[in-house]
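Take a look at these structures.
Same chain, two partners: chain A is paired with chain B first, then with chain C.
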Partner chain A sequence: MALPITYNLRNVVLRWRATLATVLGVALVVAVYVLVQSLAVGLEKSSGNTGDPRNVMIVRKGATAESSSQVTRAQLRLIQYWPEIARDDAGRPLLSADVLVLINLPRREDNGEANVLVRGISPVGIPLRPQVTLVGGRWFTPGKREVVVSRRLAARFANFEIGDSFSSGGRTLTVVGQMDGQRSAFDSEVWMDGDEARSIFDREFYSSLLVRATDDAGRAALIERIEGDKRLPVRGLEETKYYAAQTMTAMPIKILGNLLATAMSIGAVFAAMNTMYASVASRTREIGTLRVLGFRRRTILLCIIIEGGFLALLGGAVGCLLSLPMHGYSTGTISFETFSETVFEFRITPWLAAQGLLFSVIVGVVGSLLPALRASRLPVIAALKSL
Partner chain B sequence: MPVENIVSIRQLTKLYRQGEIDVTALNGISLDIPRGEFLALMGPSGSGKSTLLHIIAGVDRPTEGECRVQGQDVAQLSESQLADWRNQNVGFVFQSFNLIPVLTAFENVELPLLLTRLNRRERRTQALTALDLVGLADRAHHTPRQLSGGQEQRVAIARALVTDPTLIVADEPTGNLDSNSAAEVLGILQALSRTAAKTVIMVTHDPKAAAFASRVIHLEKGELLPTEERRP
Partner chain C sequence: MTIAGFIVKNALRNKRRALLCILSVAVSLFLLVSLLVALREITLPPEDVGAAARIIVRNKVSLASPLPARQRAVLERIPGVEAVTPFTFYGGKFRDEDFPKFAQFAVDPKEFMRIVVEAKMQVDQLDAFLKDQRACIVGKITADKYGLKIGDRLNFIGTLWPCDLELKMVGTYQGTIDDRNLFFNHKYFDEAMGNLGQVGTWWVKARSIDDMPDVLDRINRAFANTSAEVRAETERAFQMSMVSMWGNIKILVRSICSVVVFTLLLVSASTMSMAIRERFRELAVLKAIGFQRREIFGFILAESFGLAAVGALLGIGGAWAFFTHISISKLTDGIFVAFEVTPQIMGVAGTVAAALGIVSALAPAIAMARMSVVDGLKTLD
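The block that comes next holds the complex of A and B.
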């Protein structure tokens, strides 16, 4: 039978000065791990949260993202009359031919410049994306040089308040509204009229088409039809699937997070090891007594490992608490899909916190293995004689 | 009725290796200790008395010879069998009490019972009974730091008693106590041998402590000197 867990808990508390450094060390590692991973989660959530399951995105065959895709006007004319595409009351196809343009704009507070993704859309492009809502001002008027910016982008870029204007492509664009994409990829976009965008930025082609299928069967049929039509060098896929696949940007952050955590955890393992060695050394006679009373070597081994694990778990919990204030904090990075500023939030999910805690326990267990082995192998008589 | 020997030692030798030299701690000792005896082992430092105690208690192993406790040749047991055997058959009392500082008196006494099949309630009853026997039931929830030296040693005796072992070994149990506390502790050990028929083996330097024993044996240079019988 194992020693009571209260024995471990009280030993940790009793040596609180010695254990505090280790707890804080592990806390720091876990906080960094959780924060970096929460960036990746935030990024993935932002793209994974985007799109309407009823929509189909059409891009050039071979293009992995809209930014590298081209759809010609001839292709648009061919596709828009297909029966699988839903129509509005007036009989117009629910189809938005989008143009994506990157423009360079100044950030707030003279914080340099960054690329912003401008999406020129057809008028129907707004109702096709119901998760995007207007939170201030009004939508742009087709044919006018007006834009609606994401509220989150507005917090990061100069001249994005309603009524402000900025220059691009030699023309001045006026901000007439702000929108909210409910933490989706649209939170990193500026929207304007598609035809106006093609005119200002001199684009012959569209970047992508977004269509609403008549129903589930229609959507499947539409995708199949696009695939089967050899005249069309385009491919169709569900809008949600398209965005869910756009998680490449999160990869380097994940890798960086894992590298950082691994490097730091080596330090934390040694800190835990040091503490547990000191703890074992100061309890030599106690361990000898336990052995004499009948506790086996493996019980002592397990006891020290549990204690190390608990110590680190305490650090892990503190680390998660330290990282929590960053939850929901909005930040931005350059997207590797669009090469523009992508706005997303630190997302500290329960799963991520659990990962952080598990990580801390691993640090503690690894760190206490050698001290535990030493404790379990102490010669009983010598241990009893120790001061 | 023949006397039942709890401990039976024959030609026991223990050699320690110190660098290149073998040091003889015990040299061919033979000894019988009957049930209910309170035996005091005396002798100068290095005479081998603690080594003899450790071998009888299954903490150390002899180099040669036989040490049977209740018929069991202790040296034949494996490390883990020995751990179980100690838990079931031997109660330990140390000079420095060796209580676990983070556990209360009750939890310290309950500790050996965690290795038995007793359930929580049975363990509680038994631990409280043992504490009551040493007159410390009202100190059950005190930590060792909140107890006097004498009280700590009484808790240690309760811990030694709690599994109801046949044998209680005490290594200088009064070495860290004032004379009043020492007398109390020795009185308890004496009562255990007389009324509960526990076999108590005590190592001591102190003739006053040895005076409580029913038999005193002296060791010198690893050998037994002629026995001095105190009380039947």
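The block that comes next holds the complex of A and C.
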């Protein structure tokens, strides 16, 4: 015979003063876990969300990141008229030869300096990346020292409003527009004319080539052709795959989250245990009565465990709610791939919230195991006699 | 029975609860100390690096932009400059690793040893490093991690520069702030790059600490209005600028610290009040037989303070023992090196524990003070 579930729930609410602290404790643990993991999710979503499936990126063999890659002009000339590359209406290949430069710029409010990734692109580089849209001002004019900055970067760096200018490499660059990359890695970039960038920053080579393949078959053929051409020390890969593989920055955050969760959950288990022991101790007589009424030991055991689990679940739910306001909040740190400031968001996914809840239930169940055992083993007569 | 004995007996009469309380305090303080140590490691370069009168010169655009090798002659003529070495980050993948797990720098061996004086090496190994252009020296931490021996051939695939290198290990060094790095001859790097004529940064030794501001100024002015303007800064300022790049991660770790402290407070305060509420009747008896409020408050305070102190001893002491006796660089695959539990951090954690003991005693003490003796005596549980 099972005890009605409401008995457990009402018990939790009845001793609210004692349980409140535990519920809050579990809530904070879960909130920390969810928040830290949501950063890792945000970082991964940002890189996983970048690129167009029709595009192929070409970088130097051996380079782990686009920013450390080099593509020579000779290599560009060799590749650009290959038939696997799509053309526009005027017959020009859809290819952007990009140069990536890190420049050191001051953050807003004297908050130190950081590297910003500047991407010099060919004019066709803009339509090749349809997920990037202009949200203010205009695009840069080729041949001029003008830049378009990401809206999210602009919130973090000084002199990034439209009309502002900053100097780097001894030249002055003017901000003429702001763009939005729809939560992709492009949200951490500044775009300008590729040839101007190469001249200002004294770059002989390009960093990478981005091309649009004619179709799916063309894309595979293009990648294969690059691989097969022994003159070319470069490799081609799908743009989306390149970005999706950039997960190095998220790793330490994930490790931190797991470490914190483990250590804090031990504390939370102790708290839950304490509360449940007290709860069992204060209803010794009640439990004795239940036994006399015919409820079995294992029913009592299960009952206390359910109670502990529910208590912690309550905390877990509160914790998820506590972390929710941070959802979508934009933050930034150094990317280990590009060595520049990367902007991303706290992303609390349903899956992450579910993980948090599961985590809290485990804390509750583990914490109530010993108290439940004790409750189920109470000698009936002594229990009844106790005050 | 003495008063101290009374307090200890009271604290331990529910042994299980006392243990749980102590353990949760200990675990939380251990976590707090670990976080503070990690935060210190990523935000604070060691204090003593200023003593070496070192200047780091990088491209004004950013650290990622190289400098022309021809600047060396200009640098060496600047008054107050004692030694100059190129210092180029090579960033090679070692053997079949996926990404560079330790840093390799190309330097001028002779000048390097004059500038980084704290690097301790055996004389014969140093000799080999100076003579052989393909030689390299490896920091002790990295050498131990990979089990590298003198005479080993080390192969690297360049991720940053389009050249692969084969270096011959001729020695190990230790005593620098980061004994993980590998150093090799810049001449070999130049050769492999086809005499590109570029270096990553310059490391400069000033004649004395007092000369530093002037030397910094002279270097910055020397290359103003050239194709490669530079930013010269002290080693400490350079490292602080690296720290600044961590961005919001610092705030994140700091807020986690405060949440940990708050959770800790919540849990132990509730345990404490639970323990007091159970013995309201006894406390009423104490009051009835003439103990004063502040005496009883003293009992409660001493008990909660004692529990917190034992927890602190276990947690902080445990953290200290743990991080002092294990190799943190092995544990985190080289992400953290020193992980030093400083007296200051132990002090902070100790203060938190003390505050915890006091605050947890407050709520039950107030409840007890408000209670009338008659009500207290009537309480059943």
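Everything below uses one rule, namely that the second predicted complex is superposed on the first by the 386 of 387 C-alpha atoms of A that agree within 3 Å, B and C clash if a C-alpha of one lies under 4 Å from a C-alpha of the other, contacts with A are read in each partner's own complex, and residues count from 1 in each chain.
Heads up, the rule we're going with is that a residue touches a chain if its C-beta (ideal position, glycine included) is under 8 Å from a C-beta of that chain, and two chains touch if they have at least 3 such contacts.
Everything numeric in this text was worked out from a predicted model, so none of it was measured.
In the superposed model, A:Phe295 makes contact with chain B only, not with chain C. Put simply, more of the residues of chain A are touched by C, taking chain B and chain C as the two choices. Touch criterion not met for A:Gln355: it reaches neither chain B nor chain C. Looking at the shared chain after the overlay, A:Val380 reaches chain B, while chain C stays out of its contact range.
In the superposition on chain A, A:Glu286 contacts chain B only, with no contact to chain C. Across the interface of their complex, chain A is touched by residues 54, 57, 59-60, 79-80, 83-84, 86-88, 92, 94, 96, 98, 100-103, 107, 111-112, 114-115, 159 of chain B. Residues 18, 20-22, 24-25, 28-29, 31-32, 36, 39, 60, 62-65, 67-68, 70, 101-104, 107, 111-115, 168-170, 201-202, 233, 248, 252, 256, 260, 263-264, 266-268, 270-271, 273-275, 277-278, 282, 331-334, 339, 341, 387 of chain A touch chain C in their complex. Taken together, the chain C residues at the contact with chain A in this complex read 16-17, 20-21, 23-24, 27-28, 30-31, 34, 60-65, 91, 93, 99-100, 157-160, 162, 164, 225, 227-229, 231, 241, 243-249, 252-253, 256, 259-260, 262-264, 266-267, 269-271, 274, 278, 335, 380-381. Per the touch definition, chain A reaches chain B in the complex via residues 1, 3-4, 6-7, 10-11, 14, 285-286, 288-297, 380-381, 384.
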